[in-house]
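This structure is in structure tokens; I'll ask about it shortly.
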Amino acid sequence: MISVSIVGASGYTGGELLKILRRHPDVRVKHVTTSSSPGKRLEEVHPQLRKDFDLSLESFDAKRLARDTDVAFFALPHGVGSKNIAEFLATGKKVVDLSADFRLRDVKTYEAWYKVKHASPKLLKEAVYGLPELFRPRIPGARLVANPGCYATTTILALAPLLKNGVIDPASIIVDAKSGVSGAGKKLDLMYHFPECAENFQAYAVNKHRHMPEIEQTLKDVSGRTVALTFVPHLVPMTRGILACAYAKLRKKTDVSRIRALFEKEYGGERFIRLLPEGRWPQTKDVSYTNYVDINAAVDERNGRVIVLAALDNLVKGASGQAVQNMNLMFGLDEAAGLV
Amino acid sequence: MISVSIVGASGYTGGELLKILRRHPDVRVKHVTTSSSPGKRLEEVHPQLRKDFDLSLESFDAKRLARDTDVAFFALPHGVGSKNIAEFLATGKKVVDLSADFRLRDVKTYEAWYKVKHASPKLLKEAVYGLPELFRPRIPGARLVANPGCYATTTILALAPLLKNGVIDPASIIVDAKSGVSGAGKKLDLMYHFPECAENFQAYAVNKHRHMPEIEQTLKDVSGRTVALTFVPHLVPMTRGILACAYAKLRKKTDVSRIRALFEKEYGGERFIRLLPEGRWPQTKDVSYTNYVDINAAVDERNGRVIVLAALDNLVKGASGQAVQNMNLMFGLDEAAGLV
Amino acid sequence: MISVSIVGASGYTGGELLKILRRHPDVRVKHVTTSSSPGKRLEEVHPQLRKDFDLSLESFDAKRLARDTDVAFFALPHGVGSKNIAEFLATGKKVVDLSADFRLRDVKTYEAWYKVKHASPKLLKEAVYGLPELFRPRIPGARLVANPGCYATTTILALAPLLKNGVIDPASIIVDAKSGVSGAGKKLDLMYHFPECAENFQAYAVNKHRHMPEIEQTLKDVSGRTVALTFVPHLVPMTRGILACAYAKLRKKTDVSRIRALFEKEYGGERFIRLLPEGRWPQTKDVSYTNYVDINAAVDERNGRVIVLAALDNLVKGASGQAVQNMNLMFGLDEAAGLV
Amino acid sequence: MISVSIVGASGYTGGELLKILRRHPDVRVKHVTTSSSPGKRLEEVHPQLRKDFDLSLESFDAKRLARDTDVAFFALPHGVGSKNIAEFLATGKKVVDLSADFRLRDVKTYEAWYKVKHASPKLLKEAVYGLPELFRPRIPGARLVANPGCYATTTILALAPLLKNGVIDPASIIVDAKSGVSGAGKKLDLMYHFPECAENFQAYAVNKHRHMPEIEQTLKDVSGRTVALTFVPHLVPMTRGILACAYAKLRKKTDVSRIRALFEKEYGGERFIRLLPEGRWPQTKDVSYTNYVDINAAVDERNGRVIVLAALDNLVKGASGQAVQNMNLMFGLDEAAGLV
């Protein structure tokens, strides 16, 4: 039995972690913390969890948590938790961080994109980027796993096989991505007010989204090639799900069966990646409430381009499900435990 | 007063025409036809219109209609109405056709993409493509106006200024388009069944959508350049609206203010095109139930690419509103009559 | 030409007023005011209205407005505008108030339910309750019209014919009402955050909603009978629309055709009430973006109960459309001007 | 390990059963049948289940199924499966039927409401109505469990404690119920076409819904009192969830704490019923994807009425979750196995 705490349990990724962990056969949730409403019962903040847990929200205290916690999930906004993470790691326990704080290795890039000073830059070198399908061997030994962003997971998994195998021009990549509204979290903003958001579709942060450097860093890691993305995210009037459509120039004439074979080679053994049959396109509903990523590709032969579509649930494989997958690997459990 | 009939009044574009025309100061609706339920009262099929019209649905009869009709809107699926259109034109009256039947000048291209034999190919040469912002001078004299498709209107208006002015490489264009569900019409299909469609986002007809040849033909017409598009449409869980995001390689270093100036030059005097201020991105809600197209552009300087976003209401500017705009031009009325 | 100003133009009912008035043939909008963002262009707050008006938001100033305004619509939250209304009326001009401030004649009831002190209680006696279908004769001479609430309009119109004609027991009335989210306005609240609100249905303010005294006062006015309602409102995951289902005990055996005849008698000549044919139930989509109220009734013969269903668009007939209908009456215009 | 087959696996309740059973620790799914597409892989019909099962759809064959099945779930429309159920029971195996065929004990009532002849009326007497919270003792010994309807489960659980304890007048009950669209199943109909259904709210089958006799029969069973309901169902623009609001006359002055005490007494020990704290109203999102029923009550003291609100997920506690709960009881498993 692994003892788990969730730091920042009142938001959407914290709630989703609890929904997953209530079914995990090897986990006991010990503490749930919040800065905004310590003292409240968990079900006051997450009424869906009433009767599933008997927990009250606490303030964060590294030592108190460490006493009976093996691993803490930090589900805080970026820039808020990194000092606490350092403290908690100092007790000898492990961390999966769902924020962006430990995903970029270069502190200047982080500070430029996230507009905050990093409180624990020394940990950047040690943090392992927790995308199991690409970096599985590094995860079991990690003290600190940086759980990837939702757009990043989708985009990286869609493009990695093509870049690794050198079939596309790294300077030609365009990603048009679409996300459900829960990706923006629980913080109120007119943009996410129901009457503004329902029956509406819009682009935002056009070619300026914070997941871009994370995607570029990781695609370079897996392929050795420098990638400069054009990236346009959109907001879809639904709660969950991301679909990304990636376009790239093929370096030479290639048909779709060769592309499919590459994906099969890279992901054929993966529990959570489903390469769809020809003609069946990924849709967010098919992966909703699961840890799956659905992927398929087409070739535009007139233009020598490949089109890759990938879908996942931003709260599961794009956040809390992947965090549990990482925890499973860190503790030598079945990678899929709690996730099916 | 212009007397108008609507052939195929029971679908969504027929209903939308009636919603617009009930406010049009210079129009009287004389006949509404249907093949599926002649004899029914209009409000049985369009309960929203109860008390707004006193009309019953009739079967189509070119001569009967022509007796007291100046112009007929044909709002039928492709391949169904072209014979009737020829008959009706033979009476000396005018037609605005909302189907795809007279948009493509080349009958072979039409038959290859739409998988039906064209019943009136002789009219193809005469038909005028009714996109007023680009072909306004041709419309007043037309007997037969082919009303553009919804994706086509959005995409063409987004790209025409750039192609006409030679600033982008015509071989580099990628369009990632998103449509609300009413674009698929009233025909039942599991894909549009509420529980499948709500809380879902998906691609479909990946690089195989029937609006592609229409877009390519028209962009060539306005620019003199051959265009081969990569085009991926998506289905958004909302009823109305299209947003297209077009990506293209700039032929030389160009900043966003130069791009904005081009759009301003081409569209500055247009009643129904709104070039948004910098940093404000088009969203479908802003154009919902209006005949506007909202447009804005960004430049990805790292990659020398331009990104153009355009939004419209697929049932208004993408169909019935544009049809009324064409009718206004054909009869010398204020182009915006009934549309504000 | 009537000159109009809108006080509190940045919210949803203010925006809806502008959408209606841009089509009104006899109206010119002179001023739009706001307390939160004076100086901004109107289209910054309502991007849907870009190009439809050339207006900037101003601060409220009774004298400045009065100089070129015949009537001002006050579209403010309750408790905020009543002092300004008094000031504005003092200039000799007219007011339609969309807030709750002048709907209840009894200041104590107002203050008990709305938890604010009334700033202009002297005007309560003079204010006319602007429900044209029931109080039309009083409206043309009014200086101050209190525009009814959205739930109130729906419920009162559903029940008035039955109470006036004495066919139901006034002590037996239960109203189960459902509203779209725009009814709650533009103010942010977790309850209206898209991920909380979409794919959700809930009751709120169970038997404690502020429209209850307004409904009871008015039903007594039209019938002479004291009414004590059971009233449960619900939130529907959609933007616009109210549907109310009212249940009451019949005082004697009555069949549905007699009930229909009563509605026909009371409302048969009304431009904006549509009594639906038997078996066709009101739905919010049928009245969306219109000033109509759709009504139908059933009789539960086993239990001697009548069931009345009524639907309207909360932003139109439930707010801004009705306000324009009132203005039309106040100025001797066609009651439907701008509303079709 | 229990071996399970699903007859009629291609619909929504069949798919939901599979989603639940993939997590059930004691169950193996052996066969999935369909009449419409035998031979297809399961994931062609339920793409969400890709990689979770390795199954192909078969035609129904009682003997073949019985060879390696302990219990079959019949998830067919009413009137279709009862002959097959009789055949399957004849092999000595057990059945949970999710249709309406075995819920009503009186064959004439069944045939009057469902407009079909019953193929196996002899089994009606034997079938056990599978509402565990009220009839738990009868379920373990049953061969044939009739799984309750979704509206029925919600309404019965909301009213049973009050009727059993004699606090309400059985002649005074009104139920205003609201359901998500998946309740209508996968069959196409214009009413459930996305553009008709989204942004819409409507009543249907006003006081004529087929769950009425099932509710009345069961409430009489638990209370000994004849109940004649007024029942109005509504369609909510969401996929999952039912909320019912029940109104009844209190037989004597009773405050809300006494009502709460009754619910606590009847349901306090129930794993899947959550009596909410005062002031917190049930909402469908809180029970979505769970087997919970959330309940709360208010008292309208002016009118001497009680208002009970209950919410559940129509596909889980209203169908497939309850079916698994019944199976657990039939086989002596933990009642909550697979359901948390």
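Letters A, B, C and D mark the chains in the order given here, with residues in each chain numbered from 1 onward.
Operating definition for what follows: a contact is a pair of C-beta atoms (placed from the backbone, for glycine too) under 8 Å apart; a residue touches a chain by one contact, two chains touch by 3 or more.
Because the structure is a prediction, the values reported are computed rather than measured.
Taking the mean Cα position of each chain as its centre, D sits at the greatest distance from chain B. Centre to centre, using the average C-alpha position, chain B and chain D are separated by 46 Å.
Inter-chain centre distance (chain A to chain B, centres taken as mean C-alpha positions): 39 Å.
Here the CA centre of chain B is 36 Å from the CA centre of chain C. Shared interface positions of chain A, defined as residues touching 2 or more other chains, are 180, 198-199, 237-239, 283, 285, 288.
A complete topology is adopted by the chain contact network, contact being made between every pair of chains.
The touching residues of chain D, when paired with chain A in their complex, are 22-23, 47-48, 50-52, 198-199, 271, 274, 276, 280, 283, 285-290, 292, 294, 340. Across the complex, chain D is touched by residues 12, 180-182, 186, 188-190, 192-195, 197-199, 237-239 of chain B. Those residues of chain C that touch chain D in the shared complex are 171, 174, 176, 178, 180, 196, 198-204, 206-207, 228, 230, 232, 234, 236-241, 243, 245, 247, 281-285, 288, 298, 300, 302-303, 305, 307, 309, 311.
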